[in-house]
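Following are the structures in question.
One chain, chain A, appears in both complexes that follow, with chain B as partner in the first and chain C in the second.
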Partner chain A sequence: MKAVIMTEKLSKWYGNILGLSDVTLDIEAGITGLLGPNGAGKSTFLKLVTGQIKANIGSVRINGEEVRNNHRLFSKIGFCPESDSFYEEMTGWEFVTGLLKLHGLSSSEREKKALKALGIVDLEKNKDRRIKTYSRGMRQRLKFAQAIAHEPEILILDEPLNGLDPLGRRKLIRLIKSLRDEGKTVIVSSHVLPEIEAMTNDIILIHQGKIFAQGDIHYIRDLIDAHPHMISVKCSDPRKVASRFIKEDFILNIDFSSEKDTFVVKTNNRDEFFSRLPRIFIEENIDVKEITSPDDNLQAVFDYLIGE
Partner chain B sequence: MPIKEKGYTHWEGELKKSRYPWIPITRKGIKLAFKKKFFKFTFFLTLIPAIVYLAGIYISERLEDFAFLVENSKSVSFLKINPGYFNSYFTQDFLLFMIVVVLVFCGAGLISDDLRYNSLQLYFSRPITKKDYFLGKASVIAFFLFILTLIPGIIFMLMKIIFSGNLRFISDYPWLILSVIGYSFFITGFFAFYTLFVSSVNKNRRYVSILMFGIFIFSDILYGIFKGIFESEYFSLLSIKANIKQVGAAFFGQKLPHNVPWIYSFLVLLFICALAGFVLNKKVRGVEVAQ
Partner chain C sequence: MKKKNTEKDGSFLSSFKNVFSFFFLLGRKSKKTKVFYILSFIPVIMALIVKFGQVFASRSSLTGIYVFSNFIMTFYLQFIILILALFFGTSVCSEELEGRTLPYLTTRPVSKASFILGKYAAYTLLIVAMTVVGVILCFFILNFDQLGDLSLYKILFRDTAVLVLGLVCYTSLFTFIGTFIKRSIMFGLIFSFGWENVIQYFPGSTQRFAIVHYLKSMLPSPSSGRFSFLLFRLEPTPPFLAVIILILITAAFLGLACAVFNFKEYILEE
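And then the complex of A and B:
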């Protein structure tokens, strides 16, 4: 299938800081997840794709047309930025219709499209409230509404699920999927793996301005599973719990150095560890305070992948 | 079935760019200005000199009816409607001061609010260029300044013709209309650059307002101090107000208020515009750049 977005040797520096380096990608219709830790270059990539910044080297093409300075092309792109971009004194309605004006739409078209977009994100009833009175989730949905209001072919969503409650997340994910089914091309960036996993299998891993991997999410999952996991357990008697695991083959290391009531286990079989843990707590009558996975974040995944 | 398996996309939108994409930006800016507290009152105050000068034109044609008002020679010479009369309207201290006040209301937030609310990325991800953006913002300033300069200037001329009932004024000063238009555009252009420049240096509108006012007043104070010490008229080049008056006098063919070639003042103002343009181009971009 023909790629909708094509980048070639795309590189961007901010002074001495590398934003993006030698990125050559083909992005097809459907949802593509752009995954990377904070500061990886996701926003830079998205802003290059939306033509907002100029690449030092390389080019971005949408349906074969160069993006930079091709402002006509921007009517097919919907951009939802990561940070809030609101005039707080405006109402949601004024915000969406105001931005639609920049597309040169007639007044009736603007009203129709704004109503539709606000309806899609469930903000119809609150459209006449000032944005400053909106909750975090409502603001996030409003940002999304302005991105889809002009019915673009390509949607660029920079961390769209930030600040949403679980229900809001689920709704937005469903909505993004429905846009995919309508034939749109959607790029969603996030630093949270499960968020991307919930939307798509196609991901691009970006780290330190470079594309680390591109393809199916299961490939990444396998890479992650091939590395030991760290699990931190905070409880009333960490030594007693740890002693029950000490002889197990799947335990590689137990560390008591962090806090008095905490031990950190390194295991290559996380499922087995978690299946046994509750029974030990019950048998030994241990109070559990906290179980966390210190390396269950994307930065740690990248650290594993790049062998740090 | 996901679209990837269908193997096509079916976007039905239209690739287009509005012919005048800056107009919505201008409209919004004008609307926002009128929503501000006290703006309408301030703007009305700024129009008072125009009303007074218009009344002056009327009186000048009916001197016998208003003899009680025109008792001394100073009043009589003031009421001679000639390029000097226009120059005195356009370069009077009160008008220049009030223009800055109006700009504080309508211009301080033009870019600083966009920076504060991160709106630039929303503008520039739409079919508008940086040029459209600046044009839209500058047109807000032009709208208000033309009401204070170009429009009164043209009305003065029309009224003079109507009140006098002949075209002698035009035949006496055929170039005056060009002076009015040229000066109005020049002063509007200068203040547009000045306002947008100051508005782009900070995200805080209050700070921008103080700066906008401060630079204008402080430049004049600086001129006063240096002139007091060194007694040289050349220090008038430090004052925005003095430079505007110099250029205004040159436009209307009047005696220069300072003993300095007007072209120097013109170049100083032009330099400020060039500097402002350079800074604006650097400051206004669709992304926050990592430092």
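And then the complex of A and C:
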């Protein structure tokens, strides 16, 4: 398949701080997940791809054309920024139709497209309210609506699921997938692995400004599964529960040093641990208060993978 | 059909018009516009007070048009147009940076020059409207008893034209400043109430480095009286030349603003 977005040796510094280093990528049609912890360089990459900032070294080409200062290209691109910023005094309708106006569309086309986009994100009923009265989730959906309203071929979404409730997330994920089915090219950034996993198998891992891995999500999933996990269990009798695990091979360590009613397990087989835990609770008649995974975030996984 | 749209997108005039109408709508709705609209009405309130004083005290020997001319000098030429141009001109670029809304505009098929010029035109029209409404109201209030005198309307037209030219020119300067200086308001205040107020009284050609010199050159020589110092000027430039210079200054600053906005990289603070 032909690459839609091509970057070559892309590097960006903010003064002495490295934003992105030597990124060469070919992105094809479909959904590409850009995954990395906060501050990894995801937004810098997306800003470079949309020509908002200049690369110190390297180039970005979309459909073979240079991006920076090539405003004509933007009739094909939809961008959803990460920041929660709007023209607060405008209504949702004015915001979307106003930005559509910048695409040179006629009044009837603008109205038709704005209505469609606002309908897709369930904002039709609230379209005449001022943006400053919108909830966080509505604002996030409005940002998405302005990105898709002109029906671009390429969508660049910077953390689009932030601030959405579970239902809203599910709906947006379904919508992004439907855009893929229409043959569009979508780049979605996130620091939450399951979010990306729900949308695509094709991911780019980014960390400290460098591309760490690119390809199938199963690769990173395997790496994560091999990474020892910490699981904290808060219950009525932590010692009794812990004693049932103590001889198991997949348990590396059990720690009681935190709170009185809590124990922390370190395991290299999270699935096995979670499959046995409910049975033990039932057999021993234990009241469960809380189960958390203190290091179940991308940063911990990255730290583990790069050996920090 | 698609091809037609792409062509439309690329046209500078069409982009300019679209940016203009987007920001004209936004400008009309913004809180800032409402606040400055009230501010621009202060001279109208003052005119009402003066007129009531004249009517009820029946002692003033000053004519309505004399007071009006001094209102133009005191409130408008040396204060209101500077403040309006400063706050609206610098915000052409800076409000997009501070509000972090710039990505919505720079990821559209409009050139950066059409963005700067379209927004500049929208904001200039807003402040021209604010100023002109206030000036006309002041004129009618102060000349309430002489409205049949047609020669007075000539003065109204001339003074309004000078103020509009002043707004157009100052706003272009502050638009340019806003594109490359972070604390553009502070710089603009120093320029407006420092440089402009001082340099115009320097002898020789130095006074020609102040925009207000050219604006004052289009107004008549000072008449004697209590407020004549406000119209004081040393060596006026011929009015026609003054207009040409003001237009050239405007074009130069707008050109610079477009160039800076095109080449400068704006990093939005998180």
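In this text, the second predicted complex is superposed on the first by the 308 of 308 C-alpha atoms of A that agree within 3 Å, B and C clash if a C-alpha of one lies under 4 Å from a C-alpha of the other, contacts with A are read in each partner's own complex, and residues count from 1 in each chain.
What we mean here is this: a residue touches a chain if its C-beta (ideal position, glycine included) is under 8 Å from a C-beta of that chain, and two chains touch if they have at least 3 such contacts.
Since the structure is predicted, the reported quantities are computational estimates derived from the model, not experimental observations.
Chemist: Chain A superposed: clash or fit between chain B and chain C?
Modeler: Clash - chain B and chain C, as placed by superposing on chain A, overlap.
Chemist: Name the contact category of A:273: first (chain B only), second (chain C only), both, or neither.
Modeler: A:273: touches no partner chain.
Chemist: Is it chain B or chain C that touches the larger share of residues in chain A?
Modeler: In the superposed model, B touches more residues of chain A.
Chemist: With both complexes overlaid on chain A, does A:17 touch chain B (first), chain C (second), both or neither?
Modeler: In the superposition, A:17 touches chain B alone.
Chemist: So, does A:99 touch the first partner chain B, the second partner chain C, both, or neither?
Modeler: The answer is both, since A:99 touches chain B and chain C.
Chemist: Going by the contact rule set out at the top, does A:281 touch chain B (first), chain C (second), both, or neither?
Modeler: The answer is neither, since A:281 touches no partner chain.
Chemist: I'd like to know which partner A:77 touches here: chain B for first, chain C for second, both or neither.
Modeler: A:77 contacts both chain B and chain C.
Chemist: Looking at A:144 after the superposition, I want to know if it touches chain B, chain C, both of them or none. Which is it: first, second, both, neither?
Modeler: neither
Chemist: Let me test your reading of the model: by the given contact rule, A:134 touches which partner, first (chain B), second (chain C), both or neither?
Modeler: So A:134 meets neither chain B nor chain C here.
Chemist: Name the contact category of A:45: first (chain B only), second (chain C only), both, or neither.
Modeler: Neither partner.
Chemist: Would you mind checking which of 1-9, 163-171 or 181-189 on chain B runs into chain C after superposing?
Modeler: 181-189
Chemist: Just to be sure I follow: which residues of chain A are touched by chain B in one complex and then by chain C in the other one?
Modeler: In chain A, positions 14, 47, 50-53, 69, 71-75, 77, 79, 81, 83, 85-87, 98-99, 101-104, 146 sit in both the chain B and chain C interfaces.
Chemist: Across the complex, what residues on chain C touch chain A?
Modeler: Touch list, chain C to chain A: 5-6, 8-11, 14-15, 18-19, 21-22, 25-26, 29-31, 99-112, 262, 265-268, 270.
Chemist: In their complex, what parts of chain A are in touch with chain C?
Modeler: It is residues 14, 47, 50-54, 69, 71-75, 77-79, 81, 83, 85-87, 89-90, 94, 98-99, 101-105, 146 of chain A that touch chain C.
Chemist: Contact residues on chain B for chain A in the complex?
Modeler: 2-4, 6-11, 13-19, 21, 24-25, 28, 113, 117-119, 121-129, 285-291
Chemist: Spell out the part of chain A that touches chain B in their complex, as residue ranges.
Modeler: Counting only chain A, the residues touching chain B are 1, 4, 14-15, 17, 19, 28-30, 43-44, 47, 50-53, 69, 71-77, 79, 81, 83-88, 98-99, 101-104, 146, 150-153, 156, 180-185.
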